[in-house]
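Look at the two complexes coming up: chain A is in both, with chain B in one and chain C in the other.
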Partner chain A sequence: MAMRRTDGGAEEGYEHYEAIVVGCGPGGAAAASRLADHGVETLVLERGVEAGSKNVSGGLIYAEESAPYTIDDLFPGMREAVGERPITDYYIHNIAGKKVKTYDLTRLHEHDTDWCDAVLRRRMDAWLEARVHEKTSETGGGVLTGVRVNGLLRENGEIVGVTCDELDPITADLIVAADGVNSELARDAGLMDWEEPDEWFQGVKAVVEMDGERIEDRFAIGADEGVAHLFSGDLFEGVRGGGFLYTNADTLSIGTVFHLDSLVEERAEPHELLDALLTHPLLAQWLGEEYRELEYSAKLVPDSKKVAHREPYRDRLVLVGDAAGQMQAQGPIIKGMNHAVTAGALAADAFARTRRDADTESAGRAYTSMLEESGTMGKLRPRRYEYTSVVSERPLVTRVVEGVLNSPVGGVAVGNPLAKRLLGRAYNSPLLVGMLPDTETGYVTLPSVIGEKLGRTVHWENEVEPPALVDRIGELTYDTDVGNPHIRLRDESYAASGAAVTACPVSAEDFGGGCYRAETVKTNGTEETLVSLDTQPCVECGTCAIVADTEWEHPRGGKGVEFRQG
Partner chain B sequence: MRSVVLTKGVPDFSEGAVSFNEEGHLERGKTPTVMNPNDRFALEAALQTRVRHGGHVSAMSMGPPGYASVLEEAMADIYADDLYLLSDRELAASDTWATAITLCSAIEKYEREVAPVDLVFAGFKTADGETGQTGPQTCWGLEWPIVTHVLALDIDPDEGRLRAKRLVEGDVDEIETVEAPLPCVVVADPEFAPTYRKASHRLEHKRLRAETEARGEEYEDHLTTWDHVDLNLDSEYIGLDGSPTIVSSVDPIPKAPAEREATMVDPDDGEAMESVFEELTAFAGGD
Partner chain C sequence: MGLDPEEFTVDELTDELETVDDADELSAVLEAERAGQNRKTAREAIHRRLEAVDAFDDAGSDGADEASEEAETEGEYEETREEVGEAAEGEAEEAAEEDAADAEGGPREPSEAAQEEDGLSHPTADKRHVRALSGGDYRDMWVFCEVQQGELLEVSKEMLGKARELMDQYAADYEEEHVVAFLMGDDCEGLAEECIAYGADVAVYHDDDRLERFLHKPYSEIAAHMARGQGTVESTDWRAYDEPRYVLFPATNNGRDLSAQVQAELDSGLASDCSDLYIEATEISNPVKTGEPGVKKTFERVLHMKRPDFSGFEYSTILCLDNPDRDFHPQGCSVIPGSFEPMDPDPDREGLVVEHDMELEEEWFAVEVTEHDELEAGVDLTGHEVVVCLGRGIGDDPTLGVELGLELVDAFDDAALGITRGIVTSSYQFEGHVEEYTKEERQIGETGQIVAPPLYIAAGVSGAIQHKVGMDESETIVAINTDTDARIRDFSDYFIEGDLFEVLPRLTEALEAGELDVTAVADGGED
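Right after this comes the complex of A and B.
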């Protein structure tokens, strides 16, 4: 039996902390804060120059009534300090061309919701970091920024600590990998892989400047109110996914979330899909002509239904949040931050409970059962999805349902008065929404049939001119690690890595200023298309780790892109 | 570990800040004073010692009252605990010798009245005087060992010794490792690079920064000024009277003559190119 060493390998001269938390997003912050509550000496390592500088989310953080922990439990005053606006109204728009049918989804939104605020990650995470540093300092630890953990330190095959470029190796009794969607630690431990595009979404987002009063005026909300608008239908070239618009204090967060496999299949350009949303007539009522984009950003999002790890631990390593795939897409509602918070806190409690055990895996085991008992795993991997997806994602079933929906009969069915009333209700049912298959049917066909049959035509003139990709990149802040690219192409053939040319959110076919480019070269009379890579404009979204053949890691501590909004 | 860092102000030679009169002489009155750039390395070495071994750092400067701003910079940059300014009229116009005597007296007074010192850190040459003598002369006065051109520093507080890597410049630069007992004077090389490869060091660094920020604007509360009377110095030995060095004149460095002879050659003109090659063979040493 492996003994827990309390001297932490001091004989080898390694520095030792009782707990190391990697990443200071919501998952890491919650874990560290809870560990500090238990008096555990906790070191937090964050690769950004400040927490939040690497992070992107759409921006709605939920406090669920049924959750064992919410962010304001752990960080009192969080809403007052960094909440942009509480979300009080929630709509989905089904779009077919210029026809739009809108449903009020406030009931679905309020289901199991204590409160929900729009947030911007730079501001929120930086605030959390300061609180976490205060708390963990009291235990003899603290938060260090600008430190990227490279991987795991092993002794006789067992995980005992972490290694970094900036620091000597450090050992710990507990290692919390809260390092987000492209977790290097989860991969190093062999718990997660980056193989299948259908296990991920890609999120792209623009933060748009708008005066607070104008927001209240245009969205018909009060000073302490906010609204969420979702968009689905045929405006995204048949790519499975949808769009969102959330109101912040004096900005808007507008973005898209698509299934990565669908993006790749359709060879769609993510920035063009975002532009399709921004320039749709429906948005004219809100955006007006003085469109000013503050930041363009992107990040992968795991699909918990497929990848949430059922036993997210190995030795003394536990995974929390996106690193463990704990990101729930409940129909159109995206819940990642809240689950990361819950999981982080539970992992800390599990360690506190098993601290005296000699078995190094007992914290991981306790954490796993707490995820289960608290109902968290049930939300992340709903049983009913597992039953329904078996049938509903089969291509044949999809084809049949699609066929019916698109036929005059299907259209009539959706269009009949009874369906009119039922559809609104169906959308508001967490049960039905959770069962919606991950096929075109749910994302494209059904919404566009609804839009077509029930929608009203919008005639507004949308005058928004979104910035070109080159300007979007130009507006971002980078600290490039010159001569030390963080991504290397392993295979530069088009077959292996060509998908990245379109799927990378800062690259595009026929655009020379992005990360990925396709070039036709002639060798010995034969023509070949090769892919080349320049990591300078990279926004570290993780897409090419999955869709291209690369050696992918995050830039070294403090290097790379720095988001100001997030 | 208790360290005293010696720092001085120099005219800000950066573009836009520096001001010269018509004869090309520096106008000190119009040029703002900043910390001697090479002192930064001494400050970094002192901070590294403080972060790794704890203790106390005092920054000390000799100069006009305006140098208080240089000490303020030292406090903000390396979180010095307190500041000492050696300043009065009698000290003005000191050369390196008189400066070293003044600094020695101040360190001795510090040791008598504040606390014994383990390390004195000095910068490598100043940006205006460029003599590089103050550090060595001060250590001579203190009768302490001195280690110069320090690139990296390790201290063993229990043994009361330091080990340093120092740059030995020669035809081929060498790095030599030396050991010395404390107390000792350390002159940091401009290539001195502090290293913080332990998380605990970085956390301590961060703690000190926060603590210094909290002290904020009130650096003057931590500033002690000593004049020549406090230092018990006879005015014969200090200031202009105590300075044996006389700068007899300052010669401008002659500029390269502006007019050179140039002949334009059209590369397509074969004959002309040939003559170029002919002329060049003389320099190529061949035929």
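Right after this comes the complex of A and C.
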């Protein structure tokens, strides 16, 4: 083939493709689809039994007016096929005890938004996979599921391909790492590390069954309308973060997103924080009496403000989506999938533009400048954040602001009529929300002061009884790779790995059925608390890769947890 | 013209331009900009876009060449996809045979596909079911009778009993077909006769001193050879069909190992770990099976294979159905020991004993058993009268806990010690003499062994769902737990609220003193 470079591993008998895309989520799907548009022979490798079976998101996908690519540009008919509901209303609830102050955020939500749909990842990604397979087959490639790429193939120190658990190494002219959060490829390339909890959020979600008509009735929406509710304030034990509820076609996605460092500091149990949301009186109006949870899931998300890689490439490898830290969580807006789509498509275009170039890094360079020029990087990692955060994340400033807010004067400031209007407007200002510092003030104190001063008390009885963790795990589907744990504890001391006992969403203090357990062990008269690990209940969220001392990999292709909703 | 640059700031224009792929249109935009504001940065943006579009156009024409060059690959690929698609249907009831084959390491390992020798192979290359039959002739219910230490395993007799019952009913419903026992070992003609006594009509055996111990390769080669009816005329003229209609394997360690391979060899599927079986017609609408969407088709004489599913709350019924152009026969499963009752042996039963004839290739015995150790309790926990299982309740003094468990085991005539996954993965520091009892090989549950003894004693076990599926079929379950809210209480026949460190020694004492009649307990007598 004319375009095929021969400097790769081809002579050594490795299989060679022009492009390999690792991961078939929205980022990988977009990349592969654009590559196929450019006539590039593209192999897509996906570790799940089907695309989507490993993926979890809160559930809103945006099409931004300013974005160079949106998902329905690349996959026409996507909204009709797998969009659950268009999100037409958007609210934030500031909660202080039983007092709640609600703001309509629809204006903020609509800023730069062409459309926004609630989606479930298993359904959406599987649908994308089928389209991607069709398209890539036309240019000599295709999608292979159940294959886990476990590292980069190098020759003379240069990245030339990938290695897999299930297949022989494969070389390529372009390697797109769209392997999601905790990207093993990004780590292998030295582009991302998994060290700092403050660079991540942990999302936990329950998908709850509810008849479509009932949803429309309880949320006061039409058949082709949907709503997003956000929750912040003092219902999460002081952990920085918030909750969300999105309406799907005949389910609800209800979840929480917390700063991982805060979760660890407060030693909070993620499932209990989710339960605090589910059982808050405010939710009684929507959840009613019979509560049936279809799936419990969790995933880390990178904080793009801190980790979106400014030059997400090395040699022939480019990073796309969560793998590149491209997950925008600013204030209440959470945007990941849309940026992954844009980045994937741009990476493909960059390759097409530079494919004759002898310099193997030219695609990566072109991709980087396209991210910059298209304004994508500016959204992910706004420069303004870089200076506001310097001042306002500093604990001293935080303390002063909190002091004022909690003082009678501060309370008055929030409570006066002028402030009332201003607050509503401030919440709807993308600029202000972008600057909302990620401290307790923004997430907890301010919302609870607002709730306290301006809120009205809700008296509903919430009758929801969320399932116990043991039942949540029991309802999940696993294909266990018996005898091959994918995570190993390097240090089982409580000091090194104890944080995972609480932070792991399927573990808890005093629970024997989770992944991480603290055990008091007597040896020769001395007592010691050690941490033990069973990887079988793992939902592959990535938390312990950051907060415990582990050797962390994903399970082999097709093994481990299989999400049905996602 | 589509785009008017006057309407946009340069930044906006840059974004807008991304949507324009046509060089002529871009030139028009450039002209318009020149005629209007004539911004330098805007012109640059349009130039950049023009360059990009040019690059794309070239790429596009290359692409066309590639596509035709690769046409062959593409064709092959579709096939793979079709197969994957089938398995991905996810309709547990109907497409399950593929799932099963997959789960058991069946024929769809991608790595095999990648190993073609022409040097051109793609990892996506097709894997064809070369031997799969279509419209084959199938008859009889075959039962693999596992032999250990010169004796039929209990589960072999249980399966023969069930097969007898099923095929008697089959004769009443349809016509007469046979129960065929097949077995192999060092000297097993006598065992073949025993199979007849336990309900088989025909018993096919293969003797070879190298087969004394289970070996994956020769065992699976012989079993497939037998099932296909290969061999000399004398050894096969009792039958006139292609392959068995049904086949049962024991869900023991060896049986599971063998069943996956043999069913893959015969290009069929496998329902693993079943606990109930019946034969019935079924109506199916899945187009993969009917060949036509929207059409219902009735499949006759379908073996319904029930198995406790992942959560242990429900049973899945697995069916193994032919596709329009490809058969899935034999319909096969592995059976959890203890699920069925053997029939009372009748030494006068008439039946045909056939010695199987086949050359065994030397290389099949490349794996040599140089050393073996019979663990006194046996790491196979199935087939015992009693299983004592320890859970994390032993945490206060793990070594003592195991000792107490072992003492209770010894007090019974035929008992084995099992553990929960909680123990396997604990950080407990066991002392050397008990450590061997705390390994994965003794784990009971979803990802461990499945047992169904007459009596199951669970001490300090919470009763997690994944543990439950490994012991739920036990006849009598006794739980010892300090927590009256423990889940295990929901499925125990007897719940002893108490500290296992006190209760276990008392049980042991009572047994040794003959004060406790275990058979009475197992039969549901007084607590």
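The rule is short, and it goes like this: the second predicted complex is superposed on the first by the 558 of 566 C-alpha atoms of A that agree within 3 Å, B and C clash if a C-alpha of one lies under 4 Å from a C-alpha of the other, contacts with A are read in each partner's own complex, and residues count from 1 in each chain.
As a working rule, contacts are C-beta pairs under 8 Å (C-beta built on N, C-alpha and C of every residue); 3 or more make two chains touch, one makes a residue touch a chain.
All figures in this text were calculated on a predicted structure; none of them were measured in a lab.
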item	value
Room on chain A for both chain B and chain C (clash or fit)	clash
Chain touching more of chain A, residue-wise (chain B, chain C)	C
Partner chain(s) touched by A:294 [first = chain B, second = chain C, both, neither]	neither
Touching partner for A:221 - first (chain B), second (chain C), both, neither	neither
Contacts of A:284 with chain B and chain C, given as first, second, both or neither	neither
First (chain B), second (chain C), both or neither touched by A:249	neither
First (chain B), second (chain C), both or neither touched by A:137	both
Contacts of A:530 with chain B and chain C, given as first, second, both or neither	second
First, second, both or neither for A:43, with chain B first and chain C second	both
Which superposed partner A:170 touches (first chain B, second chain C, both, neither)	both
First (chain B), second (chain C), both or neither touched by A:496	neither
Single chain B stretch clashing with chain C - from 203-211, 221-229 or 257-265	203-211
Overlapping contact positions on chain A, where the chain C interface meets the chain B interface	15, 43, 133, 137, 141-142, 144, 147, 166-168, 170
Complex contacts: residues of chain C adjacent to chain A	11-12, 14-15, 18-19, 51-52, 55-56, 58-67, 69-70, 73-74, 77-78, 80-81, 84, 88, 102-103, 109-111, 114-115, 119, 121-124, 310-312, 391-392, 395, 397, 421-422, 424-429, 440, 446-447, 462, 464-466, 487
Residues of chain B that touch chain A when the two form their complex	197-200, 202-203, 206-207
Footprint of chain B on chain A - complex, ascending	15, 17, 43, 45, 133, 137, 141-142, 144, 147, 166-168, 170
In the complex, chain A residues that touch chain C	1-3, 13, 15, 38-41, 43, 49-50, 66-69, 126, 133, 137-142, 144-147, 166-168, 170, 349, 352-356, 373-375, 470-471, 473-475, 477-480, 482-483, 492, 512-513, 517, 519-523, 530-534, 536, 557-558
